[in-house]
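Two complexes follow with chain A in common, the first pairing it with chain B and the second with chain C.
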Partner chain A sequence: MRNTWFFIRKESLESLRSYHLLIIAIVFIIFGIEGPLMAKLTPDILKMASSSSFTIKMPDPTSIDAWQQYYKNMTQIGIFVLVVIFSGTVSGEVSRGTLVNLVTKGLSRYSIIIAKYFVAYMQWCFAILITFLINWAYTAYYFPDNKTPNVWSGMSLLIIFGLMFVAVTIFGSTLSNSNYMGFLTAVVVFIILTLLNLFKEFKHYNPIALVTDNMSLIKGTKQIDTIMPAIWITIVSSIVIIYLAILILNKKRL
Partner chain B sequence: MALLELHDVKKSFGDKQVLKGLNFEVPEGSIFGFVGENGAGKTTTMKMILGLETIDSGNILIDGTKVHYGNSNINREIEYLPDVPEYYGYMNPTEYLTLCGQLTGIPKRDLPNKIVKMLKTVDLPINKRRIHGFSRGMKQRLGIAQALLNSPRLLICDEPTSALDPIGRSEFLSLLASLKGKTTIIFSTHILNDVERISDRVGILHDGILKANDSLDNLKQQYAKSQIIFEFESNALAQRANQIIGPKSILKQRKVILNYEDDYHTNAESALKLLLKNHLVPISMKSQETSLEDIFMEVTS
Partner chain C sequence: MNNTDIFMNNLPLFIPLILLEVILDVAALVHIFRHKNYRVGNRLLWVLLTLLFNPIGAILYFIIGRETY
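Showing the complex of A and B:
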């Protein structure tokens, strides 16, 4: 475990020095500011765009619009930005040969996967939280209404979804020496899960519910209990996927 | 006592059997020069010793403990210096060596002093300059530092001098030689002079097995091929001399090489008498001892 900790510190330093953390901070701060701002400005923008003879009647924006924008940003762009950043985490090291020195010094291969997973997941949480907090503050400022009472539970699903999505990316990155494999695997898994959601009997258990049902939770129209099977499947599958990644790295020539 | 033992180690890649039953031992504290042609299986053997490569059959023992692929129990006793070491370019040497020291279990209180001492030994700057700006030679020296930081019992060097300039190479060989008796070293290289300079024992890997494995002196005796080289003013004179000296000689442009087996004086005197009798005066004459290169050529031919 000591070596896992040393490798976690190395991974953290890498994230800092290779500007991954900076990129994440900039991108997700922009997302945090953009959500409520777009919700606030959209009616005015549409008003300006429409001609004088044709007027669009828009309802006044609410906190629901701001949070909708947040989840749209996070699930359509944000999580994929993170996956791109994590995509080469194992493959890059294997193809460059940087692990050889460390493994011959006694660093276990499982330590490599666990440390990389942990640090990548911490960055995921940082990204989700930083955007969430900014979005929350701006939403409270622009739209002081009571239409979104459960903001934390909506966000916590994204945090839990990250457990599996980061695991899938690390697993993909372990499969091949190409830096794109992690991204590709994550995208393929996301598409498969989205397609599975078309079948009613899977919806209850599908981890994709964690990124599609957030608004219902925030508004209070759905309770977290209904998503619990999907949450458990997400957690268990994360453990299985990470275990598989360790098995693959154990067999891999460094 | 042998620190490293290989017993009937076999390894194939697809249809190609690279190692066909490798057997050898490396005594503790010795420097073992490991030579062979490109693709002979030297790096594969080293990686198997390090547990980085699977073994098809046979055993590798380090201090009596069997090496398993991916097993890291014995790894803290071994260090590895690859031909082109790869690092994290965003780190500085101190940070990298700190990580290496932590992984090998060097106590926290000893680590900073050991790192400073090691950086001074390999002549690398002790500052915040990051590794990505290092030349290949500097990276090789950092490789030496990381390999020696833990004072390993077994050091495996895979063509370690390939990136060093002549001064750096000489310093590196002196450094390795200074470890004799304390650290057991396996040293692979194509530069046979380097092996001759520092190795106690030499193993020549050819066709999947170790064709020769002995001290350099014993190998020289075993493969002794003493020569006298006569040089003449022209090719024509050399050609005539070659005909006169007889079947034991070889013509190489203006040189005639006489192979002999027993006493130098007797052979040199009789050859010289023959030449002078025919008014053939060589412009130079020298005795050449068997080199590792000669032994290598003979073993692998």
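Showing the complex of A and C:
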């Protein structure tokens, strides 16, 4: 336990010194501002593009547009930016040989994985929350309407999805010494889950629902109970994947 | 309505955006000029990428260009 705590501190310091935290903060603050900005500018842009002979009628932007932009940014680019940053976390240290000293001095291998998972997941939560809060503040200021009553439920799903997605990345990173394996594994898992969503029987249990159903949840057209099975599967599978990652690292030559 | 109007009307949104990109660029440039060796590319390439492609260039530098010892 003490070892894990020390490794968590080492990982946090590394994330700060390697500029990862700076990148995450800046990229996700930009995403947070971009949502309301795009929602507000789209009518103006179309107005400039349309000539006098034909005009495009646009309805006034609402909070729905701003949140739509948020979920589009987060689920299509945001989570992959995070995965790229976490991608080399185990493989990089294995290929550089920096873990050898620590393990021979008595650091247990499972605490490496647990500490890395914990710190990566904290960064994930930080990224999601910072974007959410900024988007929320601007949306409340520019579009004060009641069209999005459940803003929290959509965002909390992204936080839960992170449990599994970060676990998959760490798992992929332990598989090989290449720095891109974590990213590749996460993308492959994401594609497989998306394909599984084509079958109706899986829809209730598919973790991908956590990143596709956000808009209907925050508009209130869908209740969170309907995707409860998917949430449980996400939580359980993340524990299993982390366990597998520990098993693999135990067998691995450092 | 022209570009300047749109810019002035949305100042609360644009100012933080510009500030953030400047902060990221300055951080990247300081790091580039303080280090001689890079994992990929050379100094000229990274300076140009950082200055021309905002904010992708600086992010790319920190993720793949920066030398990790």
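Keep in mind that, in the parts below, the second predicted complex is superposed on the first by the 254 of 254 C-alpha atoms of A that agree within 3 Å, B and C clash if a C-alpha of one lies under 4 Å from a C-alpha of the other, contacts with A are read in each partner's own complex, and residues count from 1 in each chain.
What we mean here is this: a residue touches a chain if its C-beta (ideal position, glycine included) is under 8 Å from a C-beta of that chain, and two chains touch if they have at least 3 such contacts.
Keep in mind the model is a prediction, meaning the values are calculated, not measured.
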Clash-or-fit label for the pair chain B, chain C on chain A: fit
Chain B versus chain C as contact partner of A:Asn250, first or second or both or neither: first
First (chain B), second (chain C), both or neither touched by A:Met48: second
Touched partner set for A:Val103, first chain B, second chain C, both or neither: first
First, second, both or neither for A:Asn3, with chain B first and chain C second: first
Touched partner set for A:Ser18, first chain B, second chain C, both or neither: both
For chain A as apex, the angle formed with chain B and chain C - C-alpha centres, to the nearest 10 degrees: 80
Touching partner for A:Ile30 - first (chain B), second (chain C), both, neither: second
First (chain B), second (chain C), both or neither touched by A:Leu198: neither
Lowest C-alpha to C-alpha distance for chain C against chain B (Å): 5
Touching both chain C and chain B, counted on chain A across the two superposed complexes: 18, 96
Touching residues (chain side chain A, partner chain C) in the complex: 18-20, 22-23, 26-27, 29-30, 33-34, 36-37, 40-41, 44, 47-48, 84-85, 92, 96, 138, 141
Interfacial residue positions of chain B with respect to chain A in the complex: 50-53, 70, 72, 75-76, 78-80, 82, 84-88, 90-91, 95, 99-100, 102-105, 146, 150
Residue numbers on chain A that touch chain B, as the complex places them: 2-3, 6, 10, 13-14, 17-18, 96-98, 100-109, 250, 253-254
Chain A contact footprint on chain C (complex, rising order): 1, 6, 10, 12-14, 16-17, 20-21, 23-24, 27, 31, 55, 59, 62-63, 66, 68
